[in-house]
Amino acid sequence: MTPIVKNILDKYEGTSPAVKANLARILMHGKLGGTGKLVILPVDQGFEHGPARSFAVNPAAYDPHYHYQIAIDAGLSAYAAPLGMLEAGADTFAGQIPTILKVNSSNSWATSINQAQTGSVEDALRLGCAAIGFTIYPGSDHIFEMMEQIRALREEAEAAGLATVIWSYPRGGDISKDGELALDVGAYAAHMAALLGAHIIKVKLPSAHIEQKDAKKAYEKLDASTQAKRVAHVVQASFAGRRVVVFSGGASKGADAVYQDARDIRDGGGNGSIIGRNTFQRERGEALEMLAKLIAIYKNEE
Amino acid sequence: MTPIVKNILDKYEGTSPAVKANLARILMHGKLGGTGKLVILPVDQGFEHGPARSFAVNPAAYDPHYHYQIAIDAGLSAYAAPLGMLEAGADTFAGQIPTILKVNSSNSWATSINQAQTGSVEDALRLGCAAIGFTIYPGSDHIFEMMEQIRALREEAEAAGLATVIWSYPRGGDISKDGELALDVGAYAAHMAALLGAHIIKVKLPSAHIEQKDAKKAYEKLDASTQAKRVAHVVQASFAGRRVVVFSGGASKGADAVYQDARDIRDGGGNGSIIGRNTFQRERGEALEMLAKLIAIYKNEE
Amino acid sequence: MTPIVKNILDKYEGTSPAVKANLARILMHGKLGGTGKLVILPVDQGFEHGPARSFAVNPAAYDPHYHYQIAIDAGLSAYAAPLGMLEAGADTFAGQIPTILKVNSSNSWATSINQAQTGSVEDALRLGCAAIGFTIYPGSDHIFEMMEQIRALREEAEAAGLATVIWSYPRGGDISKDGELALDVGAYAAHMAALLGAHIIKVKLPSAHIEQKDAKKAYEKLDASTQAKRVAHVVQASFAGRRVVVFSGGASKGADAVYQDARDIRDGGGNGSIIGRNTFQRERGEALEMLAKLIAIYKNEE
Amino acid sequence: MTPIVKNILDKYEGTSPAVKANLARILMHGKLGGTGKLVILPVDQGFEHGPARSFAVNPAAYDPHYHYQIAIDAGLSAYAAPLGMLEAGADTFAGQIPTILKVNSSNSWATSINQAQTGSVEDALRLGCAAIGFTIYPGSDHIFEMMEQIRALREEAEAAGLATVIWSYPRGGDISKDGELALDVGAYAAHMAALLGAHIIKVKLPSAHIEQKDAKKAYEKLDASTQAKRVAHVVQASFAGRRVVVFSGGASKGADAVYQDARDIRDGGGNGSIIGRNTFQRERGEALEMLAKLIAIYKNEE
Amino acid sequence: MTPIVKNILDKYEGTSPAVKANLARILMHGKLGGTGKLVILPVDQGFEHGPARSFAVNPAAYDPHYHYQIAIDAGLSAYAAPLGMLEAGADTFAGQIPTILKVNSSNSWATSINQAQTGSVEDALRLGCAAIGFTIYPGSDHIFEMMEQIRALREEAEAAGLATVIWSYPRGGDISKDGELALDVGAYAAHMAALLGAHIIKVKLPSAHIEQKDAKKAYEKLDASTQAKRVAHVVQASFAGRRVVVFSGGASKGADAVYQDARDIRDGGGNGSIIGRNTFQRERGEALEMLAKLIAIYKNEE
């Protein structure tokens, strides 16, 4: 184990050796293993947007094996997906890459801002996962239920030695569309995930917008003029860097924008990217090239 | 066991030998045993539409034994029904045909788009079933609850070595009447059943209609001009054929239409039919003749 | 045990010897013991209508012992009541008549069409009951919850060797006042109780009215011109006679009407009557005389 | 044990010796021990009305020890209070008076007609209580939930050998303000408590008002002209006197009115009074004098 | 142990030695150890107001270690925080200060007046805490659920030997903005926490306003003219001083106001302060100075 990773793990106080071992599995795996940086492949878009909107542009991606294989070939840190998706390659790729079972999911037809639990800690154990993943929607009318659900699942995961990853996506209630990406909102979302006991926090890259009137004063003295500085603030809100924070790539976009995001995450002290559509909605060769470049950025080679 | 069935079972990774054995019981049973194709008899219409609308046209069908007997005599793959219906012949027909306990049900007087759990994994074990069956209504205001119910039941079934069949019927919320049969909606419904861990997926034959605006672009390049091609897309959305997918026959209709559906399912790579009203709402001789012809179609003999 | 009762019990497939033994306790008890016919005394009207409306006309009936005694003296098949009512005579009359613990109840002040669970399987065991009884209200906004409640209770009762009696009373939602007694509705209600696994089904005597538009066609060819024929249809809807079906006497009425109902039930192939207010709202002597005559009717002696 | 108490206990059929022993502890305790009559001190008004409205008039009563001490000094039958109140004197007064843990409570700011469970059977056991106490609000939109809560608690209490006291207070829904005290409503409330398995029933003294139209006919022949006769009807509705029924004193009022109520309860065959505010809102000496006189009334000495 | 603390512990009747030992850990710790007075540092404002509004004014406070360290350096009695916050320093500071796990939390985007459970008794045990902390909102539409949640958690904590601290903050429903701080409301809130079995009660310093019409008469004779007298009334409402009551410092304000509050709490017989924002929103040196002075006040040295 590298000193960098040892140093990260030491910050997880009150955490069992079993959970730390699973965090280490992720942090020591792949081409970024040992650097303290992560690139994770998430494939839950079939749930969120449906199969055709996710995979029609690159039909090979309809096959669950495709995602395991590209994550492995690209030397990524972990692969995260819902139950069926992981199960479909669980034997073939056993032991080749750490997996994260996404245990709740929404879909495009949902009539409330909520998710359904679709997997369990027992499933994660059975499939040899290193962690469970769970989404909360701060702002939603259902946030208290969601928090109580992840509270129980985290406790169960902890007892089973699994790490917990929280996707914290503000949405609904009094939060405006712009507010979903606002800096104050994103920092708050990351902080709540940390308070809930997340070992890895996943948030969106924040804009410079400040959503909450009551928060404006607090942000007056903070320099939020660049994306890297905004990343740094989110990291600060995540227990002053005591928790691993990764950022989502968002909708499919140009490669240069993806690289710039990664540089900003790196320069702001973030721990890496979770990058889904920007991976599998490109042709395999192109995607591997992009992932290689992202890894190089996180290695300070680009 | 035939190579075809062995090949299907191999795709069920992360699945226990016990569940695979129950899947094999269904795939190796009856006249289609070993072909990878299935014809299943479901009799839950008494719950859904009431006894008279289901059975008055063929009063012999009021007797639960009638359905067991015709499924056995026709050499079908499995017989699926709610608790009372299965219990009423459980001793007489024990071991003669694999059974699927339908563990939730709706009815014509329901005032919400939902179902009640009416059977359990324990019941399925007690009655010697090979699988449990469960309906979800993607689109409904209750979809998250339904998903959480099947999540728990699937986990329990898996622990007991039973397979899980999911009926995925889009309905309610923002889905239009036409949308219930739309291609994008049907493929999405099948995909969600797969993500939820279904071993066998049951959906309706899709029309060429595309319901979701956001999905239109994804379907521009897909040739959906024939029913067989639409079936192929649903199979693709079910983990690129890694899951068994069967299609429902819908309302009672002319025999030729039923045969054409089966040919399209076969040609599109679907695994077969679940055919209820088209069976028991015909006189027994006629029904046996139709089922024989369907089996011949799936054997590529017609 | 008589061949008639043996024949009835044989139809309860997939049912444990313990449950069959309790069914046999009811079917072999009292003056109708061995005939396959039943007269059951239910006293839950104190819950449903209050004590004064139920008992003021015959004040001796305020005492729970009164009901045990009359059921025993009349040679009835079983006595059904809520927890407190059964408990109040449980020692005095232990072993003298099979009892059915009514485990849910409504009341006249209810503001929703639902019932509360007020007893348990454990209570039934403690009090030496042969069965539990449970009411569902098909049509009500709460029907799915009620079904899930009886599903769990039935499973628990079955594991404890107790039989399950379901009172299936359509009410609420889209069902009109006339519809509550409609033939299609009553047959559907009986069928759902059978599907839910009821060992004894209790419904109301149906009128000739057909409530559901969609069901009209199915009833065109059915001769429903006499009450006996309507009873026969309800029996047909109860798995073609594979389940014991008893009919309620309804509000207190003239003795002749009560006798005619019993003859129709008998002639239609029903298994008997559950008769409450028509019993205890008459003076004891008169009630005993009426019950004797009902028993004679079911014995084909009148 | 006196013959009177033995006779009362004999009516609790289907009840374990452990529960009977706890009933006996209450019936044999204090100055009324052995008479079959009870005076119980309840102190839950701090929850219901707040501390100042309850105790400011007699500030010594802010101290939980005050209530234990006065109940003991007056020779009352039992002391009933919520968790914190009982806990605060549980060691000091252990074994000096039977206690009843009130396990649910409302408060003046409640926005629904319901109560929260605030204590448990386990708490009652830990504190050495003889019984649990629970309030239901027949008529309320929440009555079914309340009934299901007491059903479960009663079962648990019974298994632990504790008796169950039900406060049955009609309120909400279609019940008018006058109706809360109506004779038909009070008798119905007592009857439902009995059906729910209460060992001791607590209701309010009824007025001569009849609330339910449908009940008017039933009351035509009942002489309800005096309070004693109305008490007798409530006792009749409580299984014809097979259950212990006590009546609440209501709001603080003149001593003579309190004595008259007790005489009416006694003459109507009721088992005694639960008297809270009329006790602790008087100065200690005055309260002891009043309680002594009440006891004398129940002993037929006044 | 000092006689003062022994005397306080003796008032916790019906409480296990294990819980008393944990109360003693808090009462005997820090510079106020043994005096019966407490100063507790709570850091849940990150949940309630977000990280920037809480910590931007003193960025060192983004680091969870900062709060542990200042509580230890200032010689405070205990440190209270949500799960993630405590976990982040649990190893480093193990055994250096008693900790209280705040097991529920709200946030600024909440759309209902409620909190989510975010920690458990098991977590508190794992982290070596002396107590759990829980907020109730008397007046809220959710108060009954909150009470039932703390009831269950208190029981579980008690079984595990942990003490229970209840934050009782009236809010919502019929309570006006002024009413949240009203004297009658605050005394009632403290009383309900005591009834719920809280070992330590936390309320806000009350104003002289009386909110409830029905309570006005009860307060006519009470002298509430000074803050110390109002504190004395809240202590009286907390079982006449049988429970430890601490008061919150509220929003950040001038140091003199903070000192005056502490003097009033002391003079009114309160047990101390819970002081969060007034601590960590000051620069560390200034905060330590203030805490030292507060401790001196509680020691009667200022």
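Quick notes
Order of writing sets the chain letters: A, B, C, D and E. Residues in each chain are counted from 1.
One rule holds for everything that comes next: a residue touches a chain if its C-beta (ideal position, glycine included) is under 8 Å from a C-beta of that chain, and two chains touch if they have at least 3 such contacts.
Which chain is which protein? Per UniProt: A, B, C, D, E = fructose-bisphosphate aldolase.
Note that the coordinates shown come from a computational prediction; the quantities given were computed from them, not determined experimentally.
Between subunit A and subunit E, the least number of touching-chain steps is 1. The chains in contact with subunit B as well as with subunit C do not exist; no chain meets both.
Note: Cα superposition of subunit A onto subunit C, rotation of 145 degrees, nearest 5.
Spacing of subunit A relative to subunit D, judged by their CA centroids, is 58 angstrom. Chain geometry summary: the mean Cα position of subunit D and that of subunit E are 36 Å apart.
Listed for subunit B are no residues, as none touches two or more other chains.
The ring sequence of chains is given as D, E, A, B, C, with subunit D as the starting point and subunit E next.
Per the touch definition, subunit B reaches subunit C in the complex via residues 46-47, 49-53, 56-57, 59, 62-64, 82-92, 105, 107-112, 114-120, 122-123, 126-127.
Across the complex, subunit A is touched by residues 11-15, 138-141, 143-145, 147-148, 151, 155, 170, 173-175, 184, 187-188, 191-192, 194-198, 212, 214-215, 218-219, 221-222, 233, 236-237, 239-240, 242-243 of subunit B.
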